[in-house]
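So, here's a batch of structures to check.
Consider the two complexes below, in which chain A is the common component and chain B and chain C are the respective partners.
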Partner chain A sequence: MEKTDVSLQEMYKSILEGYLHTGSEHALYEAQQFSRQLIKENMTPEEMVNLHVVVARELIPDLPSEVLEANDFLLEVMVGYGLAYREHQSLRDRQQQLESELAVAAQMQQELLPKRIPKSPVLDIGIKTVAADVVSGDYYHFIEDGNDHIGIAVADIIGKGVPAALSMSMIKYAIDSLPEQRLQPSALLENLNRVVEQNISSNMFITMIYGSYDLKEHKFQYSGAGHEPGFYYNHSSRQFVDLNTKGLVLGVMKKAVFKEYEQKLSPGDLIILLSDGVTECRAESGFIERSELTEIIRKYEHLSAQEIVENVYSELEQFQNFQLQDDFTLMILRREV
Partner chain B sequence: MSQTCVEVRSEWSIVAARQAGRTIAKEVGFGSVDQARITTAISELARNIYLYAKVGEICIEKVVEANKVGVKVSASDNGPGIKDLRRVMEDGYTTSGGLGAGLPGVKRLMDEFLIDSKEGEGTKIHAVKWLR
Partner chain C sequence: MNLEINHIEKEGKEYLFLQGEIDVYTSEKLKQTLLPLTAQKGNEVIVNFSDVNYIDSTGLGIFIGALKSTHNHESSMKLTGMAERVRRLFNITGLDEIIDIEDSEREEAK
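The block that comes next holds the complex of A and B.
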C-alpha cells in the first residue's frame, strides 16, 4: 500500500512537472492515463487531493499560505466524496454477487423445464419460451404416459422474477407427484389448485392451461385456470378459433371446478397455447391484436411447429424493439397424419 | 494524555466535538488526510446522537498500545438504541439521506469499530484510528 503510494507519487510528480514546464496536451493525456491507474489502485478522492497537495508543494516551494489552507479545506470536502466512492464500490461488488446468484437461479429454473420435446410421428410439437428478465414466470411441461396420450401444460405465474421462479418448482413437483394413471385435465387442475391454494401467499396467482392430446383419436381435451386462451387452427378452412375456458385462476379458492373441453383435429390442424406475454407484446403502436398474432402464424403455417414458434418470436421481438415486456411462451401442436 | 469529552445536545456541540478531535489528532501526529477522516467520523457519530438520541457524549483520547499510537473516539447515549444492527451497518442503508455516510462510513474512516446497542437503552460506539 505504502509502496504503491510512493510510486504513484513519483509518477504524478513527473507528469505534473512535465505539464508545468511544457503546458502540453501530451502531459494532459498522461494525466488521463494516470487517473485510470488511480481507479485501478482504488485510490480515494481525498487521497488524490492530498497527493496533489504534497507534490505541488514540492514542485512549487513558494506557494502562498492561503493556497495551502485552501487545499486543506478542499481535503475536508473530499472526505465525504471518498466515503460515497467507497460505498459505491462496495455496492457494485454486492450487485455483481447478486447477479451471479440470480444467474445460478435462472440456470436451476431451466432445469425444471422438460429436457426434450415428446416425439411422435403423428404429432409435431414446437415450443419457444423466453424470459423477460433473468428468471421467468412462465412454465411448460409435458407428460408422456406411454398410453397414446401426451399431457401438455402451459402456466404463467403472475408476477415476475424470483418469487415467480420459486413457485414454479412447486408446480413442477406437484404435477410430477400426481398419480401415475392419466388424469383428466379438470381433475389435474383441481389437484394443482389445492396445492397452490395451500402453499403460496394470497397475493400470488398462477394461471394455467392443461390439455391431453390423444394420439389415436386425435382429440385434444383441455381445461383452463384463468389462462390466456389458446387457439385451434383449422387447416382446411384456414380459420382460427379461440380455445376459451371457464375456470378460476389457481390458488384463489379452495374448491374450484374446471370445465373440460374437447377439440378434434384433422391432419394439418394446429393447437396453439401461449402465455399472455405473447399477446401483451407492446410497441409504440400499442398491444398486438390476437388477430395479428394469428396472421403471423398463418404466414409460417407451411413450416415445422418449431420453425413456426421461432419465426413468430423473431417477428414479435422486432415488433417490440427487442425489449421483452413480459415472459414469452408459445407452444404449437400439429396433427401430422 | 487525558480524555476530552463533549456533551452533544445541539448542532454547535457537533462542531465542538470535531474541534476536540482535530486537536488531539494533530497532537498525536496524524497527517491532514487522516485528520480530516477522524474529524468526519466524529462528526457522523455526533450527528447520529443529535438526530436520534438527542443527548449523548463524545469522548476522544490518545491511545498507546505495544508499539503503536492512535486516537480513540467513544460515542455513548441513552437514546432509543438500534433495533437491527446488521441493517444499519449495511451500505446503502440510510435514514438521514447521506451518501456513503452513516455508521458504515465511520467504520471505513477508522481502523477499529465496535458497536453495542440495546433497544430502549442506548448505543455505545468505540472507534480507533492508528497512526501509520
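The block that comes next holds the complex of A and C.
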C-alpha cells in the first residue's frame, strides 16, 4: 500500500510539474489517465486532495502561508465529506440490494397468477391486472373442474409490498389444496377464511369475491368477503346492476359465514369483477364514480372481453395522469351464445 | 396528507377526535395512540370520525386490530360521526357488523 502511494505520488508530481511548466494538452491527457488510476487504486477523494497538497508544497516551495492554511482547511472539509459520501454510497448499495430482492418477489408473484385464461365457446373472459408498485396486492384465480363450471376468484390483500406477496402465496395454496369436488362459493370462502384467520397478522385482512359460472345453465353463483361489489350488465336493457354481497373480509373472525347469490345470464350479458383500485382511482378532480366506470364499459361493449378491459384500463390510466394510485384488476365475463 | 389526533378523557371515557386522512402513511400514528387505549381493561374508547374524509384498507386494518384488542382486554370501542364515503367502506367490508358504529353524532361527546 505504501509503495503504491509513493509511486502514485511520484506520478502525480511529474504530471503536475509538466502542467505547471507547459500548460499543455498532453499534461491534461495524462491527468485524465491518472484519474482512472486513482479509481483502480481505491484512492478516496480526501486522499487525493492530501496528495495534491503535499506535491504542490514540494513543487512550489514559496507558497504563501494563507494558501497552505487554506489547503489544510480544504483537507478537513474533504475528510468529513468523504465519510458522508461513503455512508451515502453504502445506503445506496443496500437500497439497490433491497430493490432487487423486491423485484425477485414480484417475479415470484407473477408465477402465482394463472398462466392462461380458460377458453370456452360459450364464455368470453377478459382480465387486466396492473400493480401500482413493484409488488401487487391484487390476485385472481381460475378453477376449471372439467365439469362445465369455471370458478373465478378476485382478491385484494391489504397493504402492498412483501406482506402482500406472502399473503398471496398463502391464498393460492389454500385454494389449490381445497377438496377435489367442487365447492359452493360460500363453502369455499368459509374454508379460506379459516386458513387466513390463523395465518395473518392482527391488522391485516383479505377481501375476495368468488363465483362459479355454470357453462350449461348460464348462471353465476357467487359470494363475497368484504370485496368491492362487481356488476351485472343486462345486454338487452343496457342496464348495470351492482352485484352486492354481504360478507365479512377474510381473516378477522374464525366463524364467519357468507351468503350466496345467483345471477342468470342471457347471451351478451356481462359479469364484471374488480378490485377497489378501479373505483378508488383518484385524480385531481376527485374519485371516479362507479357510474363513470359503467359508462366506459358500455362504450366498449361491442368489443371482446379482453379488449374491453384493456380499453377501460387505458382510459382510467389517462384519468389518473398515468400515475396508478392503487393496484388495478378488472375481469369481464360475457355469455357468448 | 395528514392525520391529527386529539385525545380527551371525559367522565371515564377515552375520546379520540380524528382529523384528516387515515391511510398507509398515517395509520401507524393512529395505531400508536389507539392500541394502548384498547389494551387497558375496562376502557371505553370512542373514536370520532367527523373530520375524517378518507380511509384506506390499511386504516381499516388498524380498527380490526383494535377490535381484536378489545376482545382480549375486556375493553370496548365505538366509532362515531362517519361521513358517507367512509361509512361505505365499513359497510362493503362487513366490518360494520362486528364493530360498534354509531351513525348519529353524540352531542355529549363534543
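Going forward, the second predicted complex is superposed on the first by the 279 of 337 C-alpha atoms of A that agree within 3 Å, B and C clash if a C-alpha of one lies under 4 Å from a C-alpha of the other, contacts with A are read in each partner's own complex, and residues count from 1 in each chain.
Operating definition for what follows: a contact is a pair of C-beta atoms (placed from the backbone, for glycine too) under 8 Å apart; a residue touches a chain by one contact, two chains touch by 3 or more.
As the structure is a computational prediction, the values presented were derived from the model and not from experiment.
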| item | value |
| --- | --- |
| Three-chain arrangement built on chain A, chain B and chain C clash or fit | fit |
| Contacts of A:Glu228 with chain B and chain C, given as first, second, both or neither | second |
| Contacts of A:Glu46 with chain B and chain C, given as first, second, both or neither | first |
| Touched partner set for A:Glu76, first chain B, second chain C, both or neither | first |
| First (chain B), second (chain C), both or neither touched by A:Ser14 | neither |
| Partner chain(s) touched by A:Ser24 [first = chain B, second = chain C, both, neither] | neither |
| Which of chain B and chain C A:Arg86 touches, first, second, both or neither | first |
| Partner chain(s) touched by A:Val249 [first = chain B, second = chain C, both, neither] | second |
| Distance in angstrom between the closest Cα atoms of chain C and chain B, superposition on A | 21 |
| Chain A to chain B touching residues, read off their complex | 2, 46-47, 50, 53, 72, 75-76, 78-80, 82-88, 90-91, 94 |
| Residue ranges of chain B touching chain A (in the complex, touch as defined) | 31-33, 36-37, 39-40, 91-92, 99-101, 104-105, 108-109, 132 |
| Residues of chain A that touch chain C when the two form their complex | 156, 158-160, 202-205, 207, 225-229, 246-249, 252-253, 256, 276, 280 |
| In the complex, chain C residues that touch chain A | 24, 31, 56-58, 60-62, 64-65, 67-69, 92-95, 97-98 |
